[in-house]
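We just call them A, B, C, D and E in the order they show up, numbering each chain from 1.
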Amino acid sequence: MDKKNYFLDEKPEKLTYGGVFRKIDDWARARSLWVVAYGTGCGSIELRPTFTSRFDAERLGMRMVGTPRQADVLIISGYLTVKTLKRVIRVYEQMQSPKYVVALGACPINGGMYYDSYNAINQLDLYLPVDVWITGCMPRPEAILAGFKRLQELIDSGRADGWKKYIENLDWYRENQRKIIKNWKMPNYNW
Amino acid sequence: MWSKIFYAFLTLLGGIAYGLLLGGISRKITARMQNRRGPTVWQNFIDLWKLFRKKTAVSHGVMFYLAPMFRLVGGAGTFLLVPIVIDSPYLSNFSFGGDLIVIMYFMVLGCLGMALGAAESGHPHAPIGVTRGLSQMAGYELPFVISVVVLMIADKTATVEGIVRAQQGGILHWHLFTHPFAAAAAFISLLGMMTSYPFQVVLAPQEIAVGPPTEYSSTFLSYMFSGRSVFAMAKYLLFMDLFLGGAGSLLEAFAKTFLVFLWPLFITNVFPRFRLEQSVRFFWTWPTFIGLVDLLRISLMR
Amino acid sequence: MVNPIVIIGITLASAFFIGILQAYAKVWARVIFILTLVFDLLASGIVFYGFLSGELARPISVKIGGFPPPIGINLLVGKAEAAMAVLIFSVAFLGAIHWFVKGLPQPEGKAMVLFLLLSLGATGITFTGDFFNLFVFIEITSIAAYGLVASSRTKGALEAAFKYMVVGSISSTFILLGVVFLYKATGSLNMMDIAGKLLGGISSAVLALITLLILSGLLVELEVFPINGWALDVYQGADPVVVALLAGAAVKAFYLVFLKTAGFLPLSSFFSLALIFGGSTYLAGQFFAWRQRDVRRLFGYSSVAQLGLLILAAGFFLNSALASQSRLMIGAAIVLLIFNHSFAKTSLFLLADNVKGSNVEDWAGTLRGNPLFAFSFTSSVFSIAGIPPMAGFWAKVLLIFAIPRQYSWAVALILIGALAEVVYYFHLYRVASQGEGKEAGGNLFSPFVSSLLLVVSVPMVWGIFSRKLSIPLNGQVLLLLGISLGIYLLGFSRPLQWLGSLATLGYGIYVLLPHFKPDLSGFFLALVLFGGGALLIATYPGSKKLPSTFYPAYLVVVFSMAGVVLSSTWLSLFVFWEVMTWSSFLLINMGEGKKAAWLYAIFSAAGAYAMLGGIYLLPSLRIGVGKVPGLLPAVLISLAFLVKMATAPLHIWARDAYGESAHQFTPLLSGIMSKMGVFGTALVVVYILGVSSNPVFRYFLGWLGVLTAFFMTLLAVFQDDLKKLLAYSSVAQVGYILLGVALGTPLGWSASLYHTVNHFFFKALLFVAAAGIIYRVGTSYLPQMGGLIRRMPLTFFATLLAIISLAGIPPLSGFAGKWLLYSALIEKGWIFITVVAFLASTLAFLYCFKILHSVFLGQLQEENFNVKEVPLTVALVEVLLLLPLIILGAFPRLLLDPIDKVLSSLPGLSPAPIHYGRVMGAVTKLGHWNALFLMVFFAGSFLIALVFFAITSARIRKVGQLDVGYSGEVPRSAEDLHFGYGLYEHFRKAVGWLIYPLVTKVWKGIYEGINALAEMGRRIYTGDVNTYAAYVIALSIIILYIFSGVK
Amino acid sequence: MAFFVASILLILIGLYAVLVKRNIMKIVIGLSLMDTGVNVLIISLGFIRGRTAPIVNVKDLLVNTSSKVVDPLPQALVLTAIVIGVAVTAVALSIVMLMYSKKNTLEIDEYKELKW
Amino acid sequence: MRKWLALAFLILLGFFLAKITSAFPFGVESWGVSKHYVDKGIEENRGSNLVTSIVVNYRGFDTLGEVTVLFLAATALAFLLATCRCRRRYERWEASLIVKAASETLYPLLILFGAYIFIHGHLTPGGGFQGGTVIASAVMLMLLAHFTFHPNHKALSTLEGLAGMSFVLIGFAGLIWGGSFLANNIIPLGQWNRLFSAGVIPLIYVAVGFKVGFELSGLITDMMKTIKEE
């Protein structure tokens, strides 16, 4: 049976970044960060206070959305296993550009306390372009808010361009991803 | 003619803007009630611009592609069919295009378009949301229709202008006061129309993402966004015209729509959520009975 | 001219001769046997022809022994007797042929003798003019029958013969006693002589008793309830050939004698006797058959019922208080009934001989692949059930219209019985026509010939009786119906049939062109012919799977609808109505429905018979304004139309009939045929009810309409089968139309008429599209479809527009109807109805979305990957039907103006009070609506938004169907992602109690209640000889007591 | 008069057998009795007191016959009726024989296969 | 219960029958058409036996039917018993010599007597039916007395058929030469109270006699011979 049109099997084209409205665009993007509500690790427990009354991330223009299609920010909240990585990649690729990745805690940076696990990955930016790293195990909501402030600054100044790098170096990223994900049972391009 | 169209376009933009602003205000008020600072009241404008200027988008097919346009045009059409300021050559917009019956059916066009687009996305949440929305619509339509019929029979007209005219001459001539039960029924059904709590299960962000527009992104979503805000404005205006005596000036319109806007807002923040069958049952009992009081009164008085 | 005595003499001689020959030359015995029958048939035919041609004006009286009548015995042969002889010998001939092919029972010579003598006895009964001679011939018939019945190789034959013999002996004892007493009382045995002596009527109680003694003996032979147990046993137990001869010929001879006896012995209480016994037998037979599972016994019940009807008719026929004109009509009805029943029953019993097994279930599939069998069975069943064009139909109509008004209860009784008949016959028909094709026996010559006789007689009967009843049937339509039947001859090639049908329809349009006038019938005629033509185009694909009767039946439906709308009298409307109903029944039966066609038949028949009753009550048959006493005729007549519209409590047939009829036919059924109900209701409202009078009834009709709309919409929401969903939707929409008609205001009517046409466009489009989809996908189960927009973009677009129109959303055409209707409702002030109507139309959005989503949107299922766009003809029709939706959406006046003309042609109505302004569009007292503006505005702003979007939008990638945000998972199959099952399950939790199948259960309860009563009732046939004999005695005592006046 | 009573009684006795007896043979006998009763009744209906048989074999009877003989017609009828009775009985007996040969019983309860 | 109900029915029926018969006083003169038979019978038929005149001529058609009924009964019986697997349940004993001898003696006499009766049917009481019955009783006697006695069935039925046909043919002769079926004017009527008188009446009665005789004989034979010996 012809399953061809189940998935799009076409490499995404490179995007240019600029235009007349660039300044306004960046300003607006920085102040309207929609976060995909997808907890990948233990750190997602810290996101709840961040977004509710106590720390109120909404005042920065952030909000949780339930679908990657509408989200701007992907938060990697803690350790990533190989199994999770696969899902994370798919979620990331389903988000619409411009999009940003924020990595929480030690685990995405170097594996953290799971550095020698057979299953946890040690270095996230081999697989996805990370715009902001927030250290700590786990980082407190204050730290997370600080991280988002940093992300806003980066966007405002046009330096948060992980999404562009990802498309440009897609082959490299894929190679790394495929190295660690042995059973690559998903479409080549999830866009 | 052309100037009328131009003015209508301006009014539309104003309507969208006011709708977005009201959305922002509602977010602010909600945040305040939850003891937060909340976003700025302009947050919706920022979001709209961001979405509008996103770099990429996905499409699932023709209907998916066209749906936001349906939504926007449906919303805008409804908005423009409702006179804002009565007797004003421009601010009554296109109300010559049809009476209340036309408006009530035109309202559906946008929803239908969006529902179809959402359904074509192939995401299971979309039809879930759509069917919930339609079911809820069947729920709130009953009290709403009762009150609308009451007004039409009482005023012997089906045009919005006629209904507004019937309410002139002081605050006590408003249908809110002359037909309190019908008004109560209609205002309860407004809660359902606005999908505010406790009738919010249609969108249910926590379970089915955001319901129908799950797969929509970027520019598509921005169209939907503006469509939704203008649609909300249309409903506020309609309620204003039907129950609050219409508006004699733009300022009055602002004020009265704001009043209408406040009603669901206050309800939404203090209630939990009904399940769908509960909400349909609710609409078909309490507001219906309340509305029936006036309906009976009208039919006996005739 | 043949002397009737020769017939009897030759037959007797050859019976004796066969008795000799059988021992020496069997073949010659057979030859003599057949030759005798042929001779008899010819001779009686010649006599009958003599009467027909007028050569013989008065009955022939043949003296025997050379003495004039009171002294000697004479034969008295009139027209009726001659006809009866022809009938007897033709049935005997057919039976004999069947017997020969099947194989005669051994020893065959004796069987032939008995057979010959049985038919001779029946003839003798008919011919004789002497009471004692009558007794002798009755005995000849009876003994031959005992022998033949007992000799049957079937189970229970002996037992049946014994019961027959015991009861028959008692009966003949009564007759003998009566005859002898009669001789003693009058001094004569000759019928004419006695009649002359009793000219002034029977006055003495003794003579009355004697007459009743003879009559009760004859009533036993006539299988009157409850003394017909023996007859049923015989029908069930004996050889079908014998039964055919008995039921088809012998009993009819007894009936003639009964008629003659009652005529010669004029008893004042005969009328009530005939009515009571005829009526009870008729009803009992018809209803007891419901529970009958043995087919032959079922036919037996039917025969008994027919005899009951004949006895009832005899009561009226002999009632001298009636006008001679109506007595003549009843006489004609009796002739037709006898003719019809004899050949039909012969055919049916002989067919039963071809089926292995005796239960109804054993007949399953016998009609499939056996065209001869199917033809014989269908025409026989249609004949007996009184379905046009068969003769039985005219029999019923004649009988009913001849009965004077003060006996309208008898009419009701006849109609109820006829309905009951439809119930069980069409149950059998349904079983036989569906299921696996099955070999039936090939011995079909005789049944075929006898049913052919029935069919061949049709034109003659129509010619005679439509004139007799002064029903001006539209000749052009009749001609077209004839041509339509001719399409059957092209059955070898489906494309040719298709083209031929198209040509015929074109010719029909050409012929009926002068009738396209701006009045109600012209309006509906245009709908019927053009609509039918358009839909005919789309029937082509898949028609190979249909039987070759499809196209003829289709055309007959179309042209009979033309006949309905062109009728100038109620009765001709009824005739065409019946033709339409039953031809559409055939079409529905071609689908794979289990019960659909049956239910349709029952409900349609109920409606039609109610209508007939209503027409009977009307003072004038003309369709026109007149004074109508009371509400009853209007209620009865509109019942038929309400059934066709499937209005609320009468709707339960509609789902399956629409859903399971042949896909090619459903568009016509929904789009046009249901509108015939609208047409009829319109006629009733205008001409019988009056648009401004009877407000309460019209209000009631309005509620019916709106409740239909509401509940059917709700049912549609939870329906998972595409065609059934559309069926409910269709019924609901017709409910709105009914509501408009019930309003009786110009605005309401223009809403209705507008919606009538518009509903045709979109619903026909939907059904055509559904047919195309089902043809391609192979299922009509919604959850198994989905995503077909990727394969059928055109169909999706067409369906989308149709749905928008259906939902009544501006700017497409559907809104106009809604707007007019609501304006009319508010103008009229039917507040509560308005509310429900609004709610119902809101609910309609639910199923509208369901159709679009489940079929076209969502995920394309794997099994539908290779589906193609619908066939070209279907697509063509889709486009054809699509255009009006858009055009009317912008310019509703294109339709509203003609409707205004139609309205001004109707008494009591005027053009709708709408005036058209340039800016405001259509303006009524209440509100306004500018269709063109909305269309332009919508289209314009949509285009602007689209262009703007296209310019400013982000870079759009078209992704695959499984590329959805799915929590990071990769969906494995389309099925996982498709939301098809239980689409409105949550809504069902809220309103499920509203769709509790109350009506279905009530109907079912009624059906089962009647079944239970029938079951209880038929227990009186205990199968015990003692009991049967006791019934006979008890009944004769009752007869003697009640009808003689002896205290 | 006694003939009338007797013949009616005969008919009724025959009928009683038909109505009550559970044995096929007895029912047939009942039918026969009934026939006989009818025949007697017919004959007695034709009887005229003090007349002779309608056989005109003496000169005396040749004139004014109708005042000297009984009514001959009932006798003629009875002749026919008797023969018919015989014929029916013969057929009945053959049916009974067949029935008996099939089921080996004459009880009527065994012959109720066809009902309802 | 059933009995009482039946009795009640019968009493009611008896009441009605009595009601009818009570209208016809017993033994009182009341002439109908038979007055014609009695008064004109001799003149028209020359047969002394008025009953015979009626049976064979005035109501000859009835008699034809009657003959047919008998024929029918015989045929039906033969037809039915042809398939009977009837068995004898008891032992049958050979008749004694006396019975055998007596029956053999009586047999021709009885046949002769029967013939006598039907030949004189128009003169004396009796006729074709009575004579035929006597003949049949002769056959029956033989059948009862002798196991081995077996009338020729084929011949019986042939003769019977021929007799029946001759009845019909006489009828047709009447139709052809006499103007009506069974008319009694095709041969001279003869003198009153003579053997050769009354036209076709004796001819028909002879035919009837043969027919009835052979018929009943055949009937009895059929019945007796169907029962298979164990």
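Here are some notes:
Here is the rule we use: a contact is a pair of C-beta atoms (placed from the backbone, for glycine too) under 8 Å apart; a residue touches a chain by one contact, two chains touch by 3 or more.
Fair warning: this is a prediction, and the values are worked out from it, not measured in the lab.
By the document's definition of touch, common neighbours of chain C and chain D comprise E.
Here the chain-to-chain distance from chain A to chain D, counted in touching steps, is 2. Chain centre most remote from that of chain A: E (centre = mean of CA atoms).
In terms of C-beta pairs in contact, the better-connected of the chain pairs A-B and B-C is B-C.
Per-chain CA centroids place chain B at a distance of 53 Å from chain C.
Distance between chain D and chain E, defined via averaged C-alpha coordinates, is recorded as 15 Å.
Taking the mean of the C-alpha atoms as each chain's centre, chain B and chain D sit 98 Å apart. One finds 55 Å separating the Cα centroids of chain C and chain E.
Multi-chain contact residues of chain E (touching two or more other chains): 2, 6, 9-10, 13, 17, 21, 24, 31-34, 37, 59, 62, 65-66, 69, 72-73, 76-77, 80, 83. Across the assembly, chain D contributes residues 11, 15, 19-20, 41, 45, 73, 77, 80, 84, 87-88, 91, 94-95, 98 that each touch 2 or more other chains. Among the residues of chain A, those in touch with two or more other chains are 12, 15, 67, 69, 96, 191.
Of all possible chain pairings, those that touch are A-B, A-C, B-C, C-D, C-E, D-E.
Note for the complex: chain C touches chain B at residues 787, 789-790, 793, 796, 800, 804, 807-810, 815, 818-819, 822-823, 826, 829, 831-832, 834-835, 838-839, 842-843, 845-846, 848-850, 852-853, 856-859, 919-921, 926-930, 933-934, 937-938, 941-942, 945-946, 949, 952-959, 961-966, 974, 977-979, 983-984, 986-987, 989-991. Per the touch definition, chain B reaches chain A in the complex via residues 27, 31, 34-40, 43, 46-47, 49-50, 53-58, 205-206, 208-210, 214-218, 221. Residues of chain D that touch chain E in their complex: 1, 3-5, 8-9, 11-12, 15-16, 19-20, 41, 44-45, 47-50, 53-57, 62, 65-66, 69, 71-73, 75-77, 79-80, 82-84, 86-88, 90-91, 93-95, 97-98, 100-101.
Touching chain D in their complex are the following residues of chain C: 132, 136, 139, 142-143, 146-147, 150, 155-156, 158-163, 165-166, 169-170, 173, 176-177, 180-181, 183-184, 229, 232-233, 236-237, 291-292, 297, 1018-1019, 1021-1026, 1029-1030, 1033. Chain E makes touch with chain C in their complex at residues 2, 5-6, 9-10, 12-13, 16-17, 19-21, 23-24, 30-34, 36-37, 57-62, 64-66, 68-69, 71-73, 75-80, 82-83, 154, 157-158, 160-162, 164-165, 168-169, 171-172, 174-175, 178-185.
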